[in-house]
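Have a look at this one.
Chain IDs A, B and C follow the sequence of writing; residue 1 opens each chain.
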Amino acid sequence: MSAKPVEHLVEALLFLSPEPVSIPELAEALDVTEAEVDRALDLLGDVLAEGKRGVVLRHVGGGYTLAADPAAEEVARRLLSKPKTPPLTQAQAECLAIVAYLQPVSRPEIARIRGVNSESAVGTLTERGLIEESGRSRFGAAVYRTTPLFERLFGLAGLDSLPDPARFDPTPEDERELRERLLRAGEQRAGD
Amino acid sequence: MSAKPVEHLVEALLFLSPEPVSIPELAEALDVTEAEVDRALDLLGDVLAEGKRGVVLRHVGGGYTLAADPAAEEVARRLLSKPKTPPLTQAQAECLAIVAYLQPVSRPEIARIRGVNSESAVGTLTERGLIEESGRSRFGAAVYRTTPLFERLFGLAGLDSLPDPARFDPTPEDERELRERLLRAGEQRAGD
Amino acid sequence: MRVADLDLDLDAFSGPFDLLLALVLRDELSLAEIALGEIVVAYVEHLDAEGELDLEAATEFLVLIASLLELKSRLLLPAPEEDEISPLGPEEAADELLARMLEYRRYRDAAAHLSELFAAGRRYMYRRAPLPAPLRRASFDAAEAIYEPERLAVALGDLLRTPPRPDTSHIRPTVSLERRLDVLRELLRRGRAFDFDDAFGSEDRLTQAVTLFALLEMHKRGEATWDQGETFGPITVKSAVRSRESVGEGT
């Protein structure tokens, strides 16, 4: 290791680590002082400044990380992005339906309607870009809405082209607001 | 994209891709000729030659990929707390050699060549992802082939980079001597 | 289907294949009488009906039928005077062994070479990071309508459904014989006699039946008896015990 310049080792470590690495972590792994790591990061930052190579050095979330140059995003998409559109699971379809018909809607509300924790389904839908956070509720919970990509993937001209759920509604005579009825049905399910 | 040198985009693509990328794939994603990709890889290979930076360019598994410089192996294992992969046992190496050269090959055939049951070694190699079942022989036995991971871990650009097995054949003198020894052994046994 | 279950209907035998095997192995059925060709035909017909080839089963069948054929040929052919397959001469034996050893050596040396490659290759570590989020989703421009909007309406319909009341029909009320005996004894202790309908007429049928059963039990033990003047008439239950102290212990 001794012969290898510290900035090269730092580059190798940042290259391998999927998460940002902090200066103390780097110093400990390399068995050098934090000042030396600092210096190495300066050197590396010069070489990997934006526009200089295909990879750039980034300082994010309490650490350093390497990232592909944003200019390569379009070609990267062509090479790597197999459209992530697998069939929706029942949980995902339910969450998506709740967000689509009630938006904006908070995560606790989704959970109350479904009667089960919906964190993972909401996470997947967010990751796939079908829904997104659109702010906070009065109580500080994240509220969600659907995205333009959602409308694309469902072939909808707009949110008002969503099909009328009345056709699949088991209690159509009930005229209360959709949100209220969903919440009530969810509470009854949870009360079992 | 136009302003960005091809080798920078190639670097970004290889950085992002979890698998080695072939020249035709790179050419298609970048919308350039394979000759241009070739040139870009040459340039990149110079910059990322071993010992020059923290990351090196490798030609393995039918494509190109980036790897951390081996000089950083020790510090990287410390940072990522990744143990060294155990070396291959003699039995595993023999089975792997037979599969690599004769693929697709069945387990009974492996056992016949090695002269011993090879179930456990074949199982371990399958578990380590170095070989995989690729179908059934005429007689219903599973047949095996090597995986892309095998090529990557063994630094092979492809299966045709395996050395000619004739290289491992004994010289005619060795062969004659071996035959003599066998004959003598046979006569001794016959004389018992 | 397992080969053992293959149903056979041969001239000399009818039943599953594994039974045939067992009979042959126990010498209870002579292989000489069995037309092995018919078994093969039966198996091929079975394959035809099945429509697909189960390789495991087919292999098993081949092994079994081959051993039966070998057994039968030994039965039918005259035994050789002596072992006619002469052992290999030393020359041939050495050649055969040599060929095998050379083949093995080739792979043993190739294995040593691979081990070196592995030792060199595993010094290289590769990046194992997920793709950045924007690359993990479909791009807006390339996105096509692949989901059915109907699916959302159906999902919402499912969520509007309230669960049906739990079905409790499988839970039966239980009536304890012990408890009915206690009730009867208590009534008799209080009054020496009572009318069955007055006491139990308002109970459900199951309780009445178990009470009647308890009464029979008490009659058997000599604790109680009854009068019924006419068919379907009122039943008067009376104590059959003379001394109060023995109630409950009179067996």
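Methods note: contacts are C-beta pairs under 8 Å (C-beta built on N, C-alpha and C of every residue); 3 or more make two chains touch, one makes a residue touch a chain.
For clarity, every value in this text was computed on a predicted model and none was experimentally measured.
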item: Topology of the chain contact graph, where touching chains are joined (line, ring, star, complete, other); value: complete
item: Far-end chain from chain A, centres as C-alpha averages; value: C
item: Where chain B and chain C are represented by their mean Cα positions, the distance between them in whole Å; value: 45
item: Separation of chain A from chain B, taking each centre as the mean of its C-alpha atoms, in whole Å; value: 36
item: For chain A, residues contacting two or more additional chains; value: 15-17, 68, 76, 80
item: Two or more partner chains touched - positions in chain C; value: 125-129, 131-132, 135
item: Chain A-touching residues of chain B, taken from the complex the two chains share; value: 1, 4, 7-17, 21, 25-26, 28-31, 53-55, 66, 68-69, 71-72, 74-76, 78-80
item: Chain C-touching residues of chain A, taken from the complex the two chains share; value: 15-18, 67-68, 73, 76-77, 80-81, 83-85, 88, 90, 93-94, 96-98, 100-101, 113-114, 127-129, 148-149, 152-156, 161-165, 167-171, 178, 181-182, 184-186, 188-189, 192
item: Chain C residues within the chain B interface of the complex; value: 55-56, 58-59, 62, 90-91, 93-95, 97-98, 100-115, 117-129, 131-132, 135
item: For the chain C and chain A complex, residues of the former touching the latter; value: 125-140, 142-163, 166
